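Both complexes below contain chain A, partnered by chain B and then by chain C.
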Partner chain A sequence: MADATPPIVDIRGLTKTFRAAGRQIRALDGVDLTLAPVETLGIVGESGSGKSTIGRILAGLETATGGEIRLAGQDLRGARGAAAKVQMIFQDPYASLNPRMPIGLQIHETLRGSGHRDRVANLARAAELLARVGLPPDALQRYAHEFSGGQRQRIAIARAMSTDPAVIVADEPVSALDVSIRGQILDLMRQMKGHTACLFISHDMAAVASLCDRILVLNRGRVVETGPTAQIISNPRDPYTRALLEAIPRIGRRRTGTGSTPMETLA
Partner chain B sequence: MTDTALPPRRFRLPAALRHWSIATGAVILAVVVLAAILAPWVAPYDPFRMGSGPRLSPPGAAHWFGTDELGRDLFSRVLLGARASLGIGLAAVVAGLGLGVSFGLVIAFCPARLKGLLLRIVDVVYSFPDTLLALALVAFLGPGAENATLAIAISLIPFYARVTYGLAAVERAKPYVEAAQIAGTAPTRIMRVQVLPNILQSLIVIGSIGFSSAILSAAGLSFLGLGVQPPSPEWGSILASGRNYIARAPWILIFPGLAICLTVLSFNLIGDGIRDLTDPKGRRRRG
Partner chain C sequence: MSDPLISLRDLWVRYGGPQGPAAVEAVSFDVRPGEILALVGESGSGKSSLSLAIMALLPGQAHVSGQILFEGADLAALDHRRMEDIRGARIGMIFQEPMTCLNPVLSIARQMTEGLIRHRGLTRAEARVRALAALADVGIPEPARVMGSYPHELSGGMRQRVMIAAALTLDPALLLADEPTTALDVTVQAQVLELLVDIRNRTGKAVLLITHDIGAVAEVADRVIVMKGGRIVEEGPWEQVIRAPRDPYTAALIGAHAALEAALVPEESHG
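Then we have the complex of A and B:
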């Protein structure tokens, strides 16, 4: 990735410390990360590796303890307006939609947040987006509980796309879904590629491998390894990355040798 | 989990009236409200006229609830007293709920440190019993029905604020609120458009609980001569005027006392019933 276009996201030395029960927990410990425009970067790692925290900081839901984040060249800190360029897709598709607001209005509210106040125009845009993610036209007036988990995640994707964000943070967007639905949502996210940059956070190596241009492996708040997807998958250098790859279940391949599982590596 | 998530539990009036405690409460409340509205027309005597009958005469055909120490018809006075009691209760609950809910929402959206401080302040005020707080406020504001209403409203704020905060804090942590934050929606709009509709149902229940406390406080203040001023009838002030005759004419205390009791009971029954019906852990069918 040696092209001349400046990165849309440029993170340097990002640290985040949480205080819990009097103890300081270092969630992120000097993370460097760049994301080119319309690039999809997979962030992988086990639970607690800090991968969600990066996304939440980028989306403005958490504040960094230290480090520097530049979004389209602008310092993110203090610039609340810049945050509208980031949208997020959450893990739990039901909790990410307001149970008492029709879907159309939720997209209208999202657009309203970035200054589009014309309700009629916003609803028209919402209808167009919902059609694009494969939902029936009457979805506009319906409520979240009337949809299946996969449909709800489609709605969440439509909502995230509505403001034409520069970056979408997708935090485990398929891990709460049925395996049969997962593929459809991943397909949909693949269609998004080329429109926006995406930070795809997941512990599912198979999903990451199928979607992302580059992979960044995170372990205990530190970047262990980063590189193009093909390179990480076929030739992982770090033992932790190898352990994550070993954990992918495969059909018709017997596991041979002493191949360590992530649990053994961490123990 | 894809298709099994429950729809939001909605509160439907016809279904609610089949719930025994809501139905009972609603019937009692309807009688009290009708009495308050229709008092001038259904009262058999002028509630202010002295000597409508013999002084301190016991309940009977001529005077259903008996007469008081000035010979005023007690039934007529209790009927008209419902206006003052319910009116003060309603005004105080509406004002207290409005302010309490606003405070609670604002606290839920405050940064951590300020939130801690505001919550401690609310807790300190909340630790005073409602009636005591209202009493202290009236002592400061001066006696009278309006000041009593204001004092009761203020005394309800900590309770409403605390409960609202608890409900709003739960919602605030949910991804749909975070999505609105990310979208750049102003906090006040998130409170109003996203959070409030999702906690409204619980607030209705809480509102009805505060109502009974407000009516008790109103009666208490009037009993102490700080609320509705004589000769205007109010249940608490009727009680106060009758306390010197408790041995000779207990009906002066029994009937307004019963009125307070039943009204408070009706609100508690309705509140409990609504809570039952809207309990997300499944509806407990009783009766």
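Then we have the complex of A and C:
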């Protein structure tokens, strides 16, 4: 990576504490992270790792407890405007799309939210984006329920791209999809690379490795390892990274029933 | 070859009446004792309807025809009461989300012993001993502590182990595992797959594993059935189906998985 280019996202010492049942839960515990312009960074971890919390804080959906976030050099704390430069793609596109509004109008609304008020121009932009993600021209007038899961995720990608965001935060965007569709959506995201920076958040090391330039492994709110994808895959240093890699089902390996020892007790 | 443990014969599941759209069409297969048979398919394949049909848990508007032959009875024609004797006791169930099967307000001890007291006539103390052994058997480190806890106090992986232990207490002949790893973290998924193989190896129970995950199938199944659009498109021993699929849809499923897996193969180190 060229160190000369300043990062589009620069996160230092990010912490987030939740209070649940009278206990303090540290979701993020001093996370450092940088994202270069047009770089795709994979954040991988299991439930409770804090991976989604990073994305939600960056998108302005949650506030940090401590630490520093700079987006394009601008301090994000208190700057609500900065969050407009960040768009999100969620796991369940059906939940993130409005069921009662045609797709074209939803993209118009997103554009309007970032200051583009010309409805005709917005709909033209929506049509262009929907074509780019491989949807038929009549998608503009149709409703979310008329599309398959994979098509809905294409719509969510088109909508996220519409405002030309500096960063797209994609939180488990392929996890709910059938494996055959998963590959298609990853292909589409690969085509989008180079247009914007992307934080790709997933528990799925295979999906992350197939798409991302760099990988950051998160466990219980801490970064356990980060590096270029090839390095993490071929030479993982942290035992947790190795466990994540080892756990992925592989065609050509057989389980013998001798490795069922749990690594955990009560949560 | 041993006699089949359960045989499905020309099974159809239709919704909204005998002429309604079919979710399962003319499906026939056997599960033999001691084997892990994987039934794999993507969304809309009919695998969930099939699983619910075996357990007689389909909603009221579903119409089932054909036979499900198990231990001398046709489950497709059995009345509600007799089916309740078989469900749990003879066919153990493991579902995707243990929280939907475990009662949130009852302790694990209560839930693990209830079936033993009702179906097997054990005393509470006897049932407790059996339940502790079952928890230890599925690799739960502190069974006594887990017995005293409630479902929400356990992690997802522990809840899944508890559900598997509960399914085993009644010593069923068949374990029906419907997407048992889908809701779990990947490291826990691997443990649960190991556990299913381990249980089969130690007890000789048959496992019908219903899943969308062709990778998991390749790792644990003895035989594989691939479903698409309600129909069986391919079946055979795992080596044949996984290594030399004849059906294009099976080949596409394996190809899609292999393409993702390829990203995990380290390139040759350049120093």
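Just so it is clear, the second predicted complex is superposed on the first by the 251 of 267 C-alpha atoms of A that agree within 3 Å, B and C clash if a C-alpha of one lies under 4 Å from a C-alpha of the other, contacts with A are read in each partner's own complex, and residues count from 1 in each chain.
By our rule, a contact is a pair of C-beta atoms (placed from the backbone, for glycine too) under 8 Å apart; a residue touches a chain by one contact, two chains touch by 3 or more.
Model, not experiment: these values are computed from the prediction.
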Check: Is A:Thr40 contacted by the first partner chain B, the second partner chain C, both or neither?
Finding: neither
Next item on the list: Based on the superposed arrangement, let me know which partner A:Asp178 touches: chain B (first), chain C (second), both, or neither?
Entry: both
Next item on the list: Report for A:Ser52: first if it touches chain B alone, second if chain C alone, otherwise both or neither.
Entry: neither
Item checked: Touching partner for A:Leu61 - first (chain B), second (chain C), both, neither -> first
Check: A:Ser202 contacts which: chain B (first), chain C (second), both, neither?
Finding: neither
Item checked: First, second, both or neither for A:Ser96, with chain B first and chain C second -> first
Note to self: According to the stated criteria, A:Gly149 is in contact with first (chain B), second (chain C), both, or neither; which is it?
What the structure shows: both
Next item on the list: Using the superposition on A, tell me which residues of chain A are in contact with chain B and, in the other complex, with chain C.
Entry: 149, 178
Note to self: For the complex, give me every residue of chain A touching chain B.
What the structure shows: 59-61, 80-81, 83-84, 86-88, 90-92, 94-101, 106, 109-114, 143, 145-146, 148-150, 156, 159, 163, 176-178, 181
Item checked: chain A partner contacts - residues on chain B that touch it in the complex -> 1-3, 5-8, 174-176, 178-185, 193-194, 197-198
Notebook entry, point to check: If you look only at chain A, which of its residues touch chain C in the complex?
Noted result: 46-47, 149, 178-180, 182-183, 186, 203-207, 209-210, 230, 233-235, 243-267
Margin query: Could you list, by residue number, the parts of chain C that touch chain A in their complex?
Written below: 42-43, 138-142, 145-146, 149, 153-158, 161, 185-201, 212-216, 218-220, 242, 252-254, 256-267, 269
